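Below: the structure, in structure tokens.
Going in written order, the chains are labelled A, B, C and D, and every chain counts its residues from 1.
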Amino acid sequence: MNASFLLFTLLNTGFILLVSPFFMSLIKKVKAYVQGRKGPKLLQSYFDLRKLMQKEVVYSPNSSIIMRITPYLNLGALLLATLFVPVVFIPNAPAGIGNVIVFLYLLVIERFFTSLSGLDSGSAFGGMGSSRLMSLSAVIEPTMIIAFAALAYVLKTVNFHEMFAITAGSTIPESPTLSLISISLFIIIIVETGRIPVDNPATHLELTMINEAMILEQSGKNLALIELAHAIKQTILMAILINTLAPFGLATELTFTGIVISCFYFLVKASLLAGLIGLFESSIAKMRLFRLPGFYMMAFFFSALTILMEVFI
Amino acid sequence: MITSFLADQALLEDIVRILFVFVLITAAFILSTRNIASLLTVYAVQSFLLTLIAASLYLIEGSEKLLAMAALTLVSKVLLIPLFINVIGEKIKISRDLEFNYLEPTASLLVSMGLIMLSYVFLSGFFDEYVLGKLFFVGAVIGLSLTLMGMLVIFSRKKVMTKVIGYLTMENGVLLFGIFVADLPFVIEILIVIDLMILVLLTTILAIGLDSTKNEYHKRLQTLKIWSGREE
Amino acid sequence: MIVLSYLAVGAIMLILIAFSKSHRTINAFTTLHTLVFLAIGLYALLNTTVPAFETGSEYFYVDHLSIYEGLIAALLFFFASVYANGYVESLIEAQELHRNNLKIFYLIFSALLTAATLAFFSDNLTLFWIFAELTTIFSAALVAILSAKENIDAAIKYIFIASGAMLFSFIGLTFLYTLSGEVLGSGSLNWTVLIENASLLSPKMMTASFVFLFIGFAAKSGIFPFHTWLPDAHSKAPSAVSAILSGVLLNIGMYGILRMYSIVRQTQAEHLISQFLMGFGLLTIAVAVLNMLWQNNLKMLIAFSSVEHMGVILLGIGIGTPLSLFWTLYYVLAHSLTKASLFFSAGILHRQYESNLIHDIRDIFSLQPVAGWGLIIGSFAIIGMPPFPIFSAKLFILLEAFGFSKPLVFAVLLLLVIASAAFARFLIEAFTRSSKEAGIEDSETPLLPYVVKRGMKFPLLSIIFIILALGVFFPEFLETLLNKIVYELGYL
Amino acid sequence: MSLLEALVYGAIIALIFGTILPLLYRSKNTRKASFSLSFFSSILLLAFAGTVLYTGKEPTFPAFGFLPGLNFTMAADRLSAGFILLIAAVVPGVSIYSIEYVEYAKSEARKDIQTVLTNLFILAMLMVVLAGNMVGFLIFWEIMSLSSLMLVLHDYSSEENKKAGIFYFIMTSLSTAFLFMGFISLFRLTGSAEFGHLDYAASILTLPFLCLFIGFGIKAGLVPFHKWLPYAHPAAPSSVSALMSGVMLKVAIYGFLRFLLSVSAPEIWWGVLILIGGSLSAILGVIYAFRESDIKKLLAYSSIENVGIIFTGIGLYLIFKLEGLEGLAMLSLVGASFHAFNHALFKSLLFLCAGSIVHATGTRSIEALGGLIKRMPRTAALFLIGSVSIAGLPPANGFVSELMLFQAYFYSSALQDPLLKVLLIITLSVFALTSALVAALFVKLFGITFLALPRTKCAKEAIEVPQPMLSGEAIPAALCILSGLFSNRILALFGFDFGIPDMLVIGLLLVGVCGFVWLGVRNTGFSKTPRRSKETWGCGILAQHPTMEYSSIGFSEPLIAIFKKIYRPEISSTRTYSDTKECIFKDGTTKIHFPKFFEKYLYLPVAHTVNVISFQVSRMQNGKLGTYVFYVFIAVLTLMTFTRYFA
């Protein structure tokens, strides 16, 4: 653990933590505009979080310790995950930080405990949410692995830091195959953050909800932590896509200006991407649950195609 | 006259041939006769024919052993064994074996013709190297086929008594075969006959248990639960 | 000397038994008979220079193989006679055996031992044939002595099939005699003469005579398709007798086949005959295991298992390499002992439940724990599980068979799986049944444990001990003995 | 005799005493002593295996003249030491657990027998791994199978267990038959029973390879030979299931590796076959596990899945090795072995916990459980550790081995053959699907069993199991965490360095970050927010009721729908109506039936064929003398003809 890494920890994690809620609001705003509404304030998510933090926490008497530790574990796992995805600069990290597989499994931790907490209170909604989440995430898993394997294939490394160090050198994607991967990554963002057509983050209608169902029983600061974790997840997934597809601006060295530029570029690029997500969400209808595997297959197809192209060309 | 008659090889061989035919006829009777008493008589006749064959052979070959064998056969198979079976048969009070397995008498006769053919084909395959006199070869064929016909009797007849006679026929066949193909030491022959006697003794005694029409065995069957197996 | 002493002892014992009064003394004399035979065998093994001719060069011959087989026979008869003491008493109490028949039983038992032993020491094949016939008759009498209808039926089957087939053997002997006569000038049926001049014998005639001899010997040892009498006879006989039927009498046929094969081995007919034997071995195993699979009668199961093992032994003989012979001989010993232990256990169970059927056996561990465990261990041993001797014998026989044919080995292995499954299925079904589940009519009359008579457990336990010891430790003298046999049969 | 050998002898002697003692003196204390001995022996083994792995020094054992021309030898190289380590890691927990657990057996005799057989089972497994030649291997292999068979049959009164026993026995006999075939062909080839280098062309070794693959595959539970596991595991006592699943399956893998590593020139299709078999087992194992509600059956299927993963690793090893990628080959091999080790730990932990649950509630069906986290908090905590490990969450050990295999996959771009690459992509996605499904599976298992309200009375009245059982479970649980955290250190200690992420760092960071969040929430003015434990809003229902909870089968429903091609569920329903026009629904039942694919299309047809043949053949034995003589007659005629024309 060197100083550079310590600084990275503070800056990168802090930055992502800071900006994540913003993108949540931004997407909502874009969706609202498209639907002809005014939408919430851009900083609404921050207000929501603060309000939730101050509210009373109510636990179901049926629930157990799982419900109580899940928010902390969730946020912890995702904060750790932020270390894997550099957005401010690329540090000299200890071995293992930045490993794609560890990163993926940190997301699994979040999923695992969220699902457990969904089952914890014994409500039918929670169970339904966990069941759906675990099933669908299992089906998306090959796609994610193949997408990241495709990245690893193209860039010949399994470490995000090294990958981004390679891509950051160029302004356009290193290899045409990377743009194909980006499509899968985009779909993965949609799926992982529970957006239309997979899930509808704005609804509490039992037929459609997945993520919301599991956190129905959470309240107060616990809910705030979960929401925050969710926002962070969205940001880092976006960061991966951005660093793969449009890596320009990411600082490879630790310099003050570099960091500022990186942060700026990231904000701009991520805002654009968030807008894109909002537009995408608005332009597509929610899918029936059992049509989703087909949707995932598309992502799988793109990633597999990438590897196949690498194999045969 | 008699001595000249006995010295005439060709005539003797003809006689042996005629005896062969008689042996086959007895075998056919054994295959088809239903009456146990007459079966026994046929068997005794068959054994007597064997005695005659052995005696004729003695005249042809001059081996003392053949004469002794003829005597042995006469005593054991013509007299003792039929007598014994007769005694037992009267004890059981059955006189007829009416049922046939697999082969009816007419079919058995056809099959036994096939058996003679098979024996001939089989033996001709082996004895072409070792030149056996023609007579001897025919004897061997008759012996082998008689053995097979005896087996035919064993599996096609129901009663144990008949089966015993079938076995004895087989034994006669083997004896015939032995006479014509090889000359075994006489001690062995005696032992074989002793063995045969014990065997017949045992089987016929056991036949009381199976062929008996009395019901006492069935009663015991219920108190002992030994009988079992898949056929239940 | 040896043969004469066997004969003398056999005769003396017959007289002693004939003049004894109580069951106890009769049994004691029988046991003594077996022990003396055992002692003679051991003496012959240790002190006499063998191979040697006995009573001139005509009829008897002592070599290591005969001593080995004789010792196995004496050993098994010893255990059986100890076991019979209690077992026969129970039979009499249950009125299955009439007390008048008691003496006859022991007389035949004793005579059977003498006949079997002399069969092993016969040099002259005709003499061997006669003794083998005698053993058939005696053992059939032992089967029939319970005079229940199905016993008589079984005995009749045994006699007709075994003796009927033996007649074909006689034809084979006649062939052999002619054949040797052609070569040697005067015919001879002495094994020693034949094997000396084996290379001169015409392969074609040799094959014919072997095939005929095989018919009889195969019937004697329960080879398919001549095995049909065996399950009936072995399962209907009193268990003490079943043990020797399986453990000794089957060996006689195998002994004959082995002796004959050792002659054939030196002629050009070897290849054909070897395949012939292996084919019959495989068929026998197949038919036996398929019969075992759903067998509901314990003693039938054990009897079919004997058929299966005879198939393996035949296979071992048919392979014809020194190593395979070595292990086949060992297999014979292992099988005899193991099979005896199984029949002894089954006998105790039969006394307990008065039935051998699977659905009559229940509460075994509370009623007959020793027999139950004896049966379990015996089954493990018989299906060739280590650390029991059949395992290593099987392993090496198959190892040698592999050199001949891979599919054959594979087929045998799969068939042995079926055999194991048959035992497992039977034991699991029978031993897990408790009277609570058995139904209403059974629960009204709770079973009383049958008091196992004195001496019945001893043979069972000692055999289990012996096979365990044999499985873990292969004694040096046995190895020497078996090697000598292999050498004397001209394999090396 | 150096210390190293003394350790092994000590362990063996301790186990032998452990086997014999309960037969001699029958009391509770003897059983206790017996399990203490097995515990003690595993400590010795731990020291032994550690030393061998660390120093690479191979102990020498004297040969024991066993059969003519054949010695019984023992040998231990690094491979065996690795698997001895595995045994030594599982046995302590099981021993301590069993001290109390064995007392639940129905009678004194059964307690003793269970103790004896458990010790014998451990001894046999140890000896299989130590065996220096094939014959010794086979002997102890059979003893291992037999002792486990008797343990499977320990509760022989139930019909289901009987079936399980027979089925297990047949499968294990089949396995042995294939091993026999394989070993015999090797023996013939090399002329010796020793495990030595096999410098032969792969075409010669095809037969032994296939036989050993099938033989060991059956025992390890590879699809399609896996069917015995879900039958045998539930039937066995839980401590034995832990041993069977944790160690016995690995012993089969050890045997397979022992053969594979000695082959100097394998062929690529071997690797492909192993890889495909492994992947298939992995995915089918977890998919089948999903439909189970029986906790032990579910765990058994999960073992099939894990064995699949291990075989995947072995397959990768072969492929990489033959393609000249030594580094990746080693990574896969060590990954596979490490996964075997990890699986031994967490699966034994899970089976032990399952034993506690079954004991506390009296049922194996998780549909009847629920809410146990409140009644059995310690068991729940331990079970959670097991679930986390098996689901492969960092930094537990299950993750590390999966990480190694993933890493090997990810680096496979160095492969030359494009077709192999495609194969790897396919198996990689299968592997990914598997690992994600496992997470889902254990969410289901833990959630339905431990969380929410108890569904039945037996779950409501469950009480925590006694301390020894908990301690027994705690040992593998602790080892799961420790071997995960220190995976890098351990591998480095044994001389493997693959540059995989250091779990200690990740683990510390995770704990640190979580702590940071907790402290942050506590100390930034939000700690004063009130908290309440009260009935939450439930859409107007009066009170939460267990019947409203998601059930096990309900949880699986989406996956059943997604994989309906594999499950082929058959749904049948009956309905009655209150009126004649069938409009007003009165009562009804619906049944979902999952046809057992392999049973239906593989096992039963084979069994049926054998039965039919057997039936036909046994009809030959019709009890009639006439028929029998007829056979002889026909045989004689046939033989005469045969001799006439073939002699």
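We adopt the following convention: a contact is a pair of C-beta atoms (placed from the backbone, for glycine too) under 8 Å apart; a residue touches a chain by one contact, two chains touch by 3 or more.
The structure displayed is predicted, hence computed values, not measured ones.
Note on connectivity: the fewest chain-to-chain touch steps from subunit A to subunit C number 2.
Taking the mean of all protein C-alpha atoms as the reference point, the chain centroid lying nearest to it belongs to D. Centre-to-centre separation between subunit B and subunit C, using Cα means, comes to 30 Å. With centres defined as mean CA coordinates, subunit D is found 43 Å away from subunit C. Chain centres here are Cα averages; for subunit B and subunit D they lie 68 Å apart. Look at where the CA atoms of subunit A average out and do the same for subunit B: the two points lie 99 Å apart. Touching two or more other chains at once are residues 618, 621, 623, 625, 627-629, 632, 636, 640, 643, 647 of subunit D. Of all residues in subunit A, none touches 2 or more other chains. Residues of subunit C in contact with at least two other chains: 153, 156, 160, 164, 168, 204, 208, 231, 294-295.
Applying the touch definition to every pair of chains gives A-D, B-C, B-D, C-D.
Touching subunit D in their complex are the following residues of subunit C: 153, 156-157, 160-161, 164-165, 168, 203-204, 207-208, 211, 214-215, 219, 225-226, 228-229, 231-232, 269, 272, 286-287, 290-291, 293-295, 326, 365, 380, 385-387, 391-392, 395, 398-399, 402-403, 406, 409-410, 413-414, 416-418, 420-421, 424-425, 428-429, 431-432, 434, 437, 472-474, 479.
Interface residues of subunit C facing subunit B in the complex, by the touch rule stated above, are 95-96, 124, 126-127, 130, 133-134, 137, 140-141, 144, 146-153, 155-156, 159-160, 163-164, 167-168, 170-171, 174-175, 177-179, 181-182, 187, 189, 202, 204-205, 208, 231, 235-236, 294-297, 300, 354-357, 360. Subunit D makes touch with subunit B in their complex at residues 618, 621-630, 632-633, 636-637, 640-641, 643-645, 647.
Only residues 66-68, 109, 135, 138-140, 142-143, 146, 153, 156-157, 162, 165-166, 169-170, 173-174, 177-178, 180-181, 184-185, 187-188, 207, 610-611, 613-615, 617-618, 620-621, 623, 625, 627-629, 631-632, 634-636, 639-640, 642-643, 646-647 of subunit D touch subunit C when the two sit together in their complex. Across the complex, subunit B meets subunit C through its residues 126, 129-130, 144, 147, 151, 154, 160, 163, 167, 170-171, 173-174, 177-178, 181-185, 188, 191-192, 195, 198-199, 202-203, 206-207, 209-210, 217-218, 220-221, 223-230, 232.
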